[in-house]
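Here chain A shows up in two complexes: once beside chain B, once beside chain C.
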Partner chain A sequence: MKGIYRMNKNVKNGINIFLFLLPGLALFIGVLIAPIFMSFRYSLHDMSLLDPLSKENFIGLKNYVKLFTSGSIPFPKALLNSLLLAALSVFIQLPLSLGLALLLGKGMKGERGFLSVFFMPVLISTIIIGQLWLKIYNPDYGLLTRALWALHILPEGKLIQWLGDEKIALASAFVPILWQYVGYHMLLMYAGVKGVSVDLREAAMLDGATDGQINRYIVIPSIKPIIKVSVIFAVTGSLKSYDLIKVLTDGGPFHATEVPTTVMINQLILRNKAGMGSTIAVMLIVLCFFFAMVINRAFRRED
Partner chain B sequence: MAKDSKNAKKSPMTIDDYYIKKTNPVIKVIIYIALAFWLLVNLFPLYWMFTFSLKSNEEIYGKNVAGLPHEWHWEFYEAAMNRVDMIKLFANSIIVAVLTIAITIIVSLMATYALTRLKWKGRTLVNSFFMLGLTIPLHAALVPLYKAIKVVGIFDSMWALIIPYSAFSLAMGILISTGFMGEIPMDLDEAARIDGCGVWGTFIRIIVPLMTPALATIGIYTFLQCWNEFLFASTYTSSFKTIPVGIQQFFGQHTTDWGVVGAALCIATFPTLLIYIFLSRRIQESFMAGAIKG
Partner chain C sequence: MKKIVALVLAAVMVCGLCACGETTPASTSTSTSSAETTVSASTETSTEPAPEPAAEQISLKMWCIATESDSNYPSYVKAIEEVTAAHPEINFEWEATENEAYKTKIKAAAAANELPDIFFTWGGAFLGDFVKADRVYCLDDAYKAFAADLPESMLDNTTYGGKHYGVPLTMNVVGLFANMDMLAEVGYTEVPKTYDELIDCCDKLVAAGKIPFGCSGKETWCVTEYIEPLLEKTIGAEELAKIFAKESTWDNPDITKAIGYFQEWIAKGYFDPSGISLGNDEVKNNFLQGKYAFYQNGTWNCADVAAADFKSAVAEFPVIDSSKAKLGQLIGGPSDTLAVAASSPNAEVAANFTFELGRALCHYCYLDGSGLPAWKVDYDTPDINPLTQAVADICNQANGYVLFGDTAMDADTAQIYLDYVSQIYGSKIDGPGFVAGLTDDIG
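Our next item is the complex of A and B:
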């Protein structure tokens, strides 16, 4: 008797657990996990967006080969560009964020005010920021050209195609990205800096350590996990970058600012090549996981 | 002033006070100049956007590039409202955000309850399965979801955005809920069980009411994810436009009327910034809670 009662209870318990998990699992598997496998399957086919999959359009790994060898798909260039953006983010943006976080995190007058303003661009839609910077970069009437004229850095009347010149377009596109996301990483790091034990700081200070030494030997080592997260976000974010590039240059001029996602959308929407679009999506997933893993490893080895 | 010094006397010196005292005044000035410079870098583009939204093209193209407008053309705002249906864009974005937040909260609370309060084999495994969601980029699902949305027939409806957004916010929702739920003592569950509450009763009557602080955090985090999203929003809809998509399409057509363009940008930006001014601390804390635990 007791055994049956217990079994019933277990079954009931199991059903309850299942019911609690059901909405989450359905959403998660249906919208995230299954599509990843589907993307991989699509990438092995030559298909348009609304084709059903059939045996005839199976082409194996040809899409992957084409991605790197065909001259008409600017994927290698796009990949290189996104890696360049990643490098710029890690070596320019993150040090700037860290600097601000260390300055604000050590406690000073107006700390909250500075923090709030520095974080503000993160909340503004990337599309709006892109449109605003289009105006700033306008070769004739933009703020940048006019400011350079006024400061006599640029002879008055000289126009620079900030986003239209192949040589400088990518650098120009990077500045708004930097502008928007410095505050994002700063806030992450600031939370870490504030979490450093007060006793530890105090002890170091009583021993006569300077601010620089405290930052170098106490604060930075203890916020390493957060710096790691920031580096991962910066690199994977650069690989995935889309919105700002789309608004500012849409990959142009002459593919100078192409990133993987602009190529993907181009293949998908304009050329109706769902197979090739999926191939780029799969490459992005693989690259994001790969870089996250490498960065994790690199930080672990340092310890 | 008097009040300040009184407070300072009362409270013992904190570590921050030591710091401020110890820092060399010259260095302190340099630090403030650096911070003020960065403040200017952050605020000036927004100030400029606001001023050119009120200027005629002659002023913008002429000598008055960065100053306050000589003539304040408020009518550009009316023109912007007429040319882009801003109210519609806001309504669309709000309904998408509200429903996404609601679904994310309900689903992640339920999942977290099963994962942390009920004991069963394999729950850590299922938890790490969900945590995969933290690193999966939206791109991974773009094409298959497009097909699915077409097949199901929700293309160009709000559900074409709400369902993907909720799914992609779920992992963070569970992560945040796990942190908050861990702080509720298990004794409460046992007491409720002894009083005859089933698992559902315990969940609804005991756990959910105690999770209100978590709701704000999840809500704000989810809002930040979906309010400005562009990739899905521009692919899965055509006439149901959210703010970023509507703004982007508007500028595809109008690029020469700077004043009207500026006015549209300001209308789309300032409500968000206004909310931020009032809730800045809360928003920053939610952001940090989400990101640090992740």
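Our next item is the complex of A and C:
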């Protein structure tokens, strides 16, 4: 009898929990899951932005094949560019952020001021950052060209099309992206570094450990979960990057700086191809999940 | 007790969610309700004097591209002030978004069938896509009251299947703007009238260390402002219009020839090399600052160029092959348009309001020098700037208009076309490559 009563109580608790979770769950399904399924459904159709879904325009997985085989859709190049940005983020941006976090986390004069300065680009609107860098890169009066002239690195009068030359446009577009988020990752890691026990540091110092050894054997292993989050953000953020590229080059010149999102907008909005645009959206979601899982697994294996 | 509280809270949440949901009143109940009101009002009339019926307030919303930095903004403010003053029963709201962002916004709204009551659009295929998807309200009935002021010939770019769907505002063509002070330095006192003269002028400018042309490569439509007049004056307006309408093929040796001329210009250094990475605003600003001798772009720039610190002029691009093309064949036409959403609950009122607003906008845009009138001019125009006046004279002599290529073509075709135009400007392909590519991809 007592057992049945306890079971009834558990069932009732379960129902209560379910009822409380229901609104959130409905929101999650409605805002996140349903659009993904809808996008997948659209991706199986050859349809315009203004067309309704119909059996007539169902083409199965042809959009996915076309994405990698059609010469007129620069998706493979865009994907490679994104992966390159992801690699640069992981191997240049994050080590830089980690270095700054370790330096500031150790405690130094003007720590707060440095933190604010490094974090400032994150607070400024990306459109403003884009406009700022457009001025820096301007071939006629841009700060960069003028500085190179002044330092005699570039012969005076010689102009460089930082964003107009397809050989260097990609690198030029990536620099502001990497620069903007150094402060963001630095702040995440800085919080972790500050959380490392002072006792541990002091014990290591008593044992004669140098700053480098303390960072290597104590601080970095302690903030590994934060580094993992930063790596996931950096990689998925690279795959999703759009705003700065849009302002700086809009994917040009001659598709040299295309990223998957610019190709998606081109297909979806400019060409009205809802089917192909949705295919790219689904590919992006799949790739983001895939990389997040790979990074998770890599860190787990290391643990 | 805890359970009761929990259940009550859950019930409140569920009710809250339900309350947030959209409720669409059934049309029958609405009509019943209004019928009841009418009946009760008529009953009151029989017993005591009826109060003056207050005009029903109607809300209309408009989206357009006249942001504060847009040359048309002052005209929009004046026109809206004038028309809304005449219609106190209308609560009018308007919202402006920058040109390129607007294209994204309006297409997304059309796809979701959430267009505002009135929206700015471009004629030709851009509006055509919306019409095909039944998103636009037919203006045939509303047009009847305005037919005397708006010639039917101005509605060609917004007529689909014999029905009118747009109210044209102004008409613009591609004009060759010139900095006459720079031209004077190389011995030209007027804009070159023949193609040979133009080439000679550009050669002299280059020899003098000047840049003849400024053109944005970042915004490919700016390159078409150079290429399309070149094509038109080589193959003729009729043939170009057929190619844009897919009634004729790109596989035409004269197109190869015209593109060859364009590539010669690039090779001879006629264009500012920095232009490839600059936006149109930057290029236009460079021209206004005296960096280039010529700037070929839409005549909506007349007011800005006329206000520059140098002596300016505007002319038609010269004829290249007189056996096929002639002066008076222009690129452009009435494209800037207002349309009414089919989903608007007040579409009929919005249609009349749109015609009135269109007429007022045309009036003020013309007076401000940001476009030529698509509507009949029955007012004095003493203060129009000389460049707009010159364009009006050019248009008075016009014998053929070909709508801008990216407006005339459907969205997908236009992007393919712009892609090839961009490659030509970057010298990635040559004339035969341009023709072969477009023939394969478009036809």
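One rule holds in what follows: the second predicted complex is superposed on the first by the 278 of 303 C-alpha atoms of A that agree within 3 Å, B and C clash if a C-alpha of one lies under 4 Å from a C-alpha of the other, contacts with A are read in each partner's own complex, and residues count from 1 in each chain.
In the analysis below, contacts are C-beta pairs under 8 Å (C-beta built on N, C-alpha and C of every residue); 3 or more make two chains touch, one makes a residue touch a chain.
On a predicted model such as this, the values are computed, not experimentally measured, just so you know.
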Which superposed partner A:23 touches (first chain B, second chain C, both, neither): both
Which superposed partner A:49 touches (first chain B, second chain C, both, neither): both
Chain B versus chain C as contact partner of A:191, first or second or both or neither: first
Contacts of A:163 with chain B and chain C, given as first, second, both or neither: second
Which of chain B and chain C A:281 touches, first, second, both or neither: first
Partner touching more residues of chain A, whether chain B or chain C: B
First (chain B), second (chain C), both or neither touched by A:140: both
Partner chain in contact with A:264 - chain B first, chain C second, else both or neither: first
Touched partner set for A:35, first chain B, second chain C, both or neither: first
Chain A positions touched by chain B in one structure and by chain C in the second: 16, 20, 23, 49-50, 140, 265, 269, 274
Of chain A, residues touching chain B in the complex: 13-14, 16-17, 20-21, 23-25, 27-28, 30-36, 38-39, 42, 49-50, 100, 103-104, 106-110, 112, 114-128, 131-136, 140-141, 143, 146-147, 179, 183, 187-188, 191-192, 198, 201-202, 205, 211, 226, 229, 236, 239-240, 242-243, 246-247, 261, 264-265, 268-269, 274, 277-278, 280-282, 284-285, 288-289, 292
Contact set on chain B toward chain A in their complex: 14-16, 18-20, 22-23, 31, 34-35, 38-39, 41-43, 45-46, 48-49, 52, 60-61, 65-66, 103, 106-108, 110-111, 113-115, 118, 120, 126, 129-130, 132-133, 135-148, 150, 163-164, 166-168, 170-171, 174, 198-200, 203, 224, 227-228, 230-231, 235, 243-245, 247-248, 251, 258, 261-262, 265, 268-269, 272-273, 276, 280-281, 283-284, 287-288, 291-292, 294
Residue ranges of chain A touching chain C (in the complex, touch as defined): 12, 16, 19-20, 22-23, 26, 48-51, 72, 137-140, 159, 161-166, 169, 249-250, 252-254, 265-266, 269-274
Chain C to chain A touching residues, read off their complex: 3, 6-7, 9-10, 13-14, 17, 103-104, 107-108, 110-111, 129-130, 132-133, 135, 217-218, 273-274, 276-278, 282, 286, 410-412, 415-416, 419, 422-423, 426, 428, 441
